[in-house]
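In what follows, chain A forms one complex with chain B and a second complex with chain C.
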Partner chain A sequence: MKKTFIARNPSALWFLAALAIFTILVTVLSESVGAGIISTSFLKTLGKTLCLCLVAIAMDVVWGYCGILSLGHFAFFGIGGYAIGMWLMYARTEGIVVTSLQSNPLPSTPQEITDAIGTQIFGVVGSSEFPALWAFSQSLPLQLLAVVLVPGLLALVFGWLAFRSRVTGVYLSILTQAMTLALSLYFFQNDTGLRGNNGLSGLQNIPGLEDRSQATVSLWFFWASAAALAMGYILFAYVVSGKFGSVIRAIRDNEARVRFLGYHVEHYKLFVFTITAMVAGIAGALYYPQAGIINPAEIAPIASIYLAVWVAIGGRGRLYGAVIGATVVSLLSSWFTGGSAPNINLGFYEIRWTDWWLVLLGVSFVLVTLFLPKGIGGLFDALVRKPDVDRQGDYGPDKGAWRDEEGAPE
Partner chain B sequence: MSTLLEVSGVSVTFDGFRAINNLSIQIAEPELRAVIGPNGAGKTTFMDIVTGKTKPDEGRIVFGDRGDSILGMSESQIAQAGIGRKFQKPTVFEAQTVRENIAMALKNPRGPFDVLLSRKADNSETRIREISDEIGLTDALDFQSGALSHGQKQWLEIGMLLAQDPRLLLVDEPAAGMTPAEREHTTELLKRAAKTRAVVVVEHDMEFVRRLNCKVTVLHEGSVLAEGSLDHVTQNQDVIDVYLGR
Partner chain C sequence: MAQTLQDILQENAEAIAKPSRRTVDKVISALADAPVDGIPTFLEDWRDKAIWQRETDGLFFSAVKNGDGLILTDLDSGEETTVADDDGFNQSKPNAGVRRVISSALVQFLLSDPDITRRQAALDAIGRAPSADQLAPLRDSIDGEPEADILARKQQLERQLTAQFDEDPDARIAAIKDLSGNVSVEARGVISQILATRAFVAAKIPENANVAKVLDVGEDLSAQEAYAQLIAAGLAPASVTPDDVKASLIANITDGRVAGFDVATLDTDNARIAAYDALVAAGDAPPFIPEADRTAAIGAHTFYLAYIEPNPEVTAAAEDADKAIGTMLAGGQAIDLTLDALSLASIYFLAAIGLAITFGVMGVINMAHGEFIMMGAYTGYVVQQFVPDYTLSILIALPLAFAVTFAGGVALERLVIRHLYHRPLETLLATFGISIVLQQLAKNIFGTQARPLTSPDWLAGAWVLNDVVQISYIRIAIFVLALLFLGLILFILKRTRLGLEVRAVTQNPGMAASMGINPDKINMMTFGLGSGIAGIAGVAIGLYAKVTSEMGSDYIVQSFMTVVVGGVGNVWGTLAGASLIGFTQKGIEWFNPSNTLAAQTYMILFVILFIQFRPKGIVALKGRAAGD
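This part shows the complex of A and B:
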């Protein structure tokens, strides 16, 4: 089968085209270079949505293709955000501190500067010491490395322990929930050195870009998010096509049988779990500078469950399904919870969407599961894919197979 | 002819029930061997043990020229060492095409990175063709294997076994659900495979076993009751008792 990448993944081309058009459209309508129809805050929402799409396709690969229902992938997303946030906070605070110390009569020593930065950052949790976790926070390259490596290592160790013991199904899901809960509780502690429940803030101010307006910086982040989503899509389309995809789908459908074919199932799961965690970290690192703030509530177990809901609503086992699910649900979510949705007055009771949005989400999840088991993305099947079994004429190539003359098999 | 698989003194207990009781079997390479026995004789459990699915409570199993014990190995390591298995109920990957099923089974490096990066570097397409011709599914290569008939799924699974190119084939009831003509083809195919490797066939159907024309091992209550040619074992008084009732 000598087919090109695009021929094997026609949806990838469509997706990339749609993403490119969307990006151009948003750019043209943006405040900084275009018509100014899209406000900067909405531009940020769109950029954040692209990051959520990226983590959703990672989730789709791990769940929809490999069959591992990980309810902890948002933890990797959050770790990516914290990793970049540490550098953003350090570098920006350093800039402010250095400027303010310049007014002193005596030039300040490096130690004084470090102490002043520490007081600025950790004052809220009653400390001024730099914790060990912040050892590399002054270095952008090292923190960028941490965006990928920390989630990757955590996933590698966690996955190795879990898959080696052959923990599967719902037990594995519970284990991943425990992981993200433990991590979120750990981040909540002031002693951890990540500013406890205050989290990291002011992340929208990028050091070195102070003279640029938020409108410009937001557009850059939007472009970066779109580029990351495009690359992530190509990467995962490559991973899930061809023989590797065949093997991981086989693992999803019948893990034991794949073992008897001689594949080390654990290695494949570990590979998929780790690479998706790394991509989730990258998505988080692009998301939080646009959100401006990250705190431990972001990696609470519920966030990872939302991620699974997006993928289920969008359609498992197809990458564009994850994108559709993440886009639709997260944009609707911000519309309903942002107070823009008109309340419905029933006379005796007023439905406020800020309260009722979760109910609506729950109901639509149930409805999609019942009536669209393949998710919203499954609707495209009617257009693009051939039906799973195209039974026209004889029912098999073999002479013994059901013949057309015999009518439909019962 | 050298011994390829040696099972000695193996016992397995499931919740107090002795499924395999001090079982000893030797399989040579090349050899064709039929294993028969009434229900519950331990035929499938024997396969489970050899393929690593079930760990025996005691006993020794060695495989290959160097006489490596397979007891500490995982299912996938055993499969890589050269033991292939066809299940009683055909278990193919129904959501994937016949081609994908065979491609997955082809003897190629099995690591995640090998599979991810070496896409077209081999002559897989030729080998897939050879195998699909052999099992009569060339026209169906791009079918979802879930759309195949029961007999065709049996064939596909046999094809996947051949694609694995194992030294020892464990075949559980290959002829179930096949037409007489297909049975004949299966017999030939197994006989041919047994010229270069070891083939162990578990079968209920005496007619099929007779056609295989090979050494027969009769299992009963988890151990070997009789061994020899089919005529020899069918004249054995113990075997008659077990099969026809006391």
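This part shows the complex of A and C:
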């Protein structure tokens, strides 16, 4: 008996419906077309949160379903942002430079225009030459391709090296963390040609859309982020359901047994690692034009650990859990650190949340790990009221295997 | 009555009051022959225009301005008198040339001055700015030098001055030979001064030129540079650059047209050159020099570097000395690099040694390990607030840091890690939560700015072998501390009851428990020990780096890599890992010294590749101890 995709993934339908309602609601309340209750800056925050949700579900697939605790997916996110940022910066600077050169008595040659753009972009790092990395920066299609291909290729090469030498568990986490550190140090160097620690800036100004207000452009990006999240959710729901999904969950719980059953474990892992990296790249490419600036600090190892934290808080091994985790933590974080949370006066000491939010986050994170292994998403199990599975011990012997307490059949 | 300084000055009164290049030498030699005190002071004052003559009796005084008046100092007795008005006094104003003569004469007096510090200062002055006229007085002063140190310094400077300035080429060559193999900055400066070259261009190299190198156009210098040299030497007409083309075009725009071309069409290089050619044809601009003409002009001339020093034998000897120095220098730099790498390795080892126990031996991923290092460093800082004596405060801080972080480690193990054994990925995330809590707490308590942890005076400074090889004492201390820890931990693990039980529990907790060992207690103690050692490492690291709330996260990734590369479960492995990473990083830095970020990047890439070939690390455990 073959069930339809929706029947196998009832949560997908619910999720898509919720996302659609949310998008319509935000549109109706937005500044540019609706009631104007949601400010443009908050709209941007919401759009960015959707992008973070997308990278979080990618992380959930690679960790929650396949058991690979990758501490490098935020680096792929950042690479996607850099790839689109290079085009944004080039095209926008070109517009500015061409306008300013028009006042010269002689019309400019193409070489002069390129030189002027180079001086404008790389002046901050004391250079004016275009580095080799920027070879395709004038072409939007090629840079869009880079958004997907560069993280994909990097993940493919790195994953192939790591999986074929059977680096697993904690060692793989440390190795991916080392990769992230290397990448962020590489981006920090002025010699790399990505403007060192200045990063790329002014990304919120989209070339060709100068006459549109930020409110309109932000709404478009919000829609694009929502669409990307919806498509990413469908893609990953498809990937983790069916036979393929069973195999990768089996790899998570007992890799050796899957290998003995004749599956090419490395191929499965490599596929999951690479495709999630590509989706992370896309999420980054949608995120940074809304953030307006990207610099190497964004891809520091700690960002990738936070990503794992969101997934764990939301509940790993369920896609909507990742979305909940990312939304709750990032929105709460901007609420607390933005200074809108009321301070608590204890009489002898005043708790300012800008100082204490990280303490609260860390503590709640430890508590979730210890006492709520299913995360916030696990609360939904109470609604569905499925019978508890009678089983002894964890799902498998592997380090990333589901714990006994996490167990809940889909 | 003995002759005084004033008497001698009076004999030369005219020459002193109105000094000139002609007369100054006579004054100097008169002073040199006179057996009186105070000559150096007088010369200094004279050079600094602080000698005044009283018009009434012609006596000279050392004087400083005091409002409108003067404070006079008698040159012989040192007696001070103040006059309200400088009328009636004339200042002696030697010009720049005279002052130079006075200065070099001064060196000669100072070199035999009875005061050691003044002799020292004179030698330093020579070292800073050597010149030919210092040679003779320096040689004269060597014989009477009683102080061994200063004598050695004088001889050294004498060799250097001889190599540079002696009139006899053989003496110079001999001195240069003496300098070969000397890596001091001064000696290298002397040799490179002798070997200084200047670029020349000529149709044929003149007979008398002391040629250092004939330059190959295209290899040693670009065709453009070569042509620029030809222009500078007046051997070729100036060429027209693209900027010149542009300027000429702009200058000749009339009604939107240049030489018949529409300005709007001039947006390519070819169009601009066509328009410029039209300008040339009309005689409005200097002509282009075609590429072929330029190549021919370059081909017809020889470009070469010639030594400024005319004597080829001297330069040949200097070249030999330079080579010898180069070899010595490379050796010295290699030693220096090795010392650097060694100290980097010991820092990595110190940072990672606690992890070698908690992660390596127990298999617990503790992301808060870096924060234990930070806690140790802050403990040191707090102790220094209460105990002002730096030596004593360090001695108190070391055990106190151990106690604080030991307690922290035990608490962490009891409250969190105990529940997550065999769940390393969850441990990783939970301890990460602890790590951000500790970091933020440190920030809330101590603020975001870096706090100083001052090392005692006896650890300041450096052990200087020569100008190339030197290492600071603090790094030596860290190295010694690392060795001490290695010994201590090996002793605890291999020679004590606790170590035996630790090894038993980590290999097989069930079996250990049935042999009467309490695994809970052992795990607690082991984790506490690892954390406590991180605390002590924190004090050591805080001494040479700054203490901030983020200092731990700087070391955490490197520390994990150190343990993984070295091989888990083995203290020797951590040592090997730290050495490999430290030496690799310094080795990469050697190729590109200006870019330490690049060195770190490539070092991490190297580690990632290394893991491919030795997934179990350098010192891999075998058999049952390996665990799988």
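The rule we apply is simple: the second predicted complex is superposed on the first by the 387 of 410 C-alpha atoms of A that agree within 3 Å, B and C clash if a C-alpha of one lies under 4 Å from a C-alpha of the other, contacts with A are read in each partner's own complex, and residues count from 1 in each chain.
The rule is simple: contacts are C-beta pairs under 8 Å (C-beta built on N, C-alpha and C of every residue); 3 or more make two chains touch, one makes a residue touch a chain.
Note that the structure is a prediction, hence the values are computed from the model and not measured.
Engineer: Should A:Pro342 be classified as contacting the first partner (chain B), the second (chain C), both, or neither?
Structural biologist: neither
Engineer: With the two structures laid over each other on chain A, which partner does A:Arg257 touch: chain B (first), chain C (second), both, or neither?
Structural biologist: first
Engineer: So in the superposed three-chain picture, is A:Gly126 touching just chain B, just chain C, both, or none of them (first/second/both/neither)?
Structural biologist: Touch status of A:Gly126: no partner.
Engineer: Looking at the overlay, what does A:Pro141 touch: chain B (first), chain C (second), both, or neither?
Structural biologist: The answer is neither, since A:Pro141 touches no partner chain.
Engineer: Output check: A:Lys243 vs chain B and chain C. Expected answer is one of first, second, both, neither. What do you get?
Structural biologist: Only chain B; A:Lys243 stays clear of chain C.
Engineer: When the two structures are laid over each other on chain A, which of chain B and chain C touches more residues of chain A?
Structural biologist: Touching more of chain A: C.
Engineer: In the superposed arrangement, which partner chain does A:Met179 touch: chain B (first), chain C (second), both, or neither?
Structural biologist: second
Engineer: Where on chain A do the contacts from chain B and from chain C line up?
Structural biologist: On chain A, the residues that contact chain B in one structure and chain C in the other are 400.
Engineer: Flag every residue of chain A that touches chain C in the complex, lowest number first.
Structural biologist: Residues of chain A touching chain C: 69, 105-111, 158, 161-162, 165-167, 169-171, 173-175, 177-179, 181-182, 185-186, 188-189, 191, 301-302, 305, 308-309, 312, 355-356, 358-359, 361-366, 369-370, 373, 399-400, 403.
Engineer: Can you check the complex and tell me which residues of chain C touch chain A?
Structural biologist: For this pair, the touching residues of chain C are 246, 249-250, 253, 263-269, 272, 365, 367, 416, 419-420, 423-426, 428-430, 432-437, 439-441, 443-444, 553, 557, 560-561, 564, 595, 597-598, 600-601, 604-605, 607-609, 611-613, 615.
Engineer: Spell out the part of chain B that touches chain A in their complex, as residue ranges.
Structural biologist: 51, 53, 74-77, 79-80, 84-85, 87, 91, 93-96, 99-100, 103-105, 110-113, 115-116, 119-120, 125, 136-140, 143-144, 146-149, 151-152, 160, 164, 179, 182
Engineer: Within the complex, which stretch of chain A touches chain B?
Structural biologist: Contacts found on chain A: 1-2, 239, 242-244, 246-247, 249-250, 253-254, 256-265, 267-268, 271, 388-389, 391, 395-398, 400-402.
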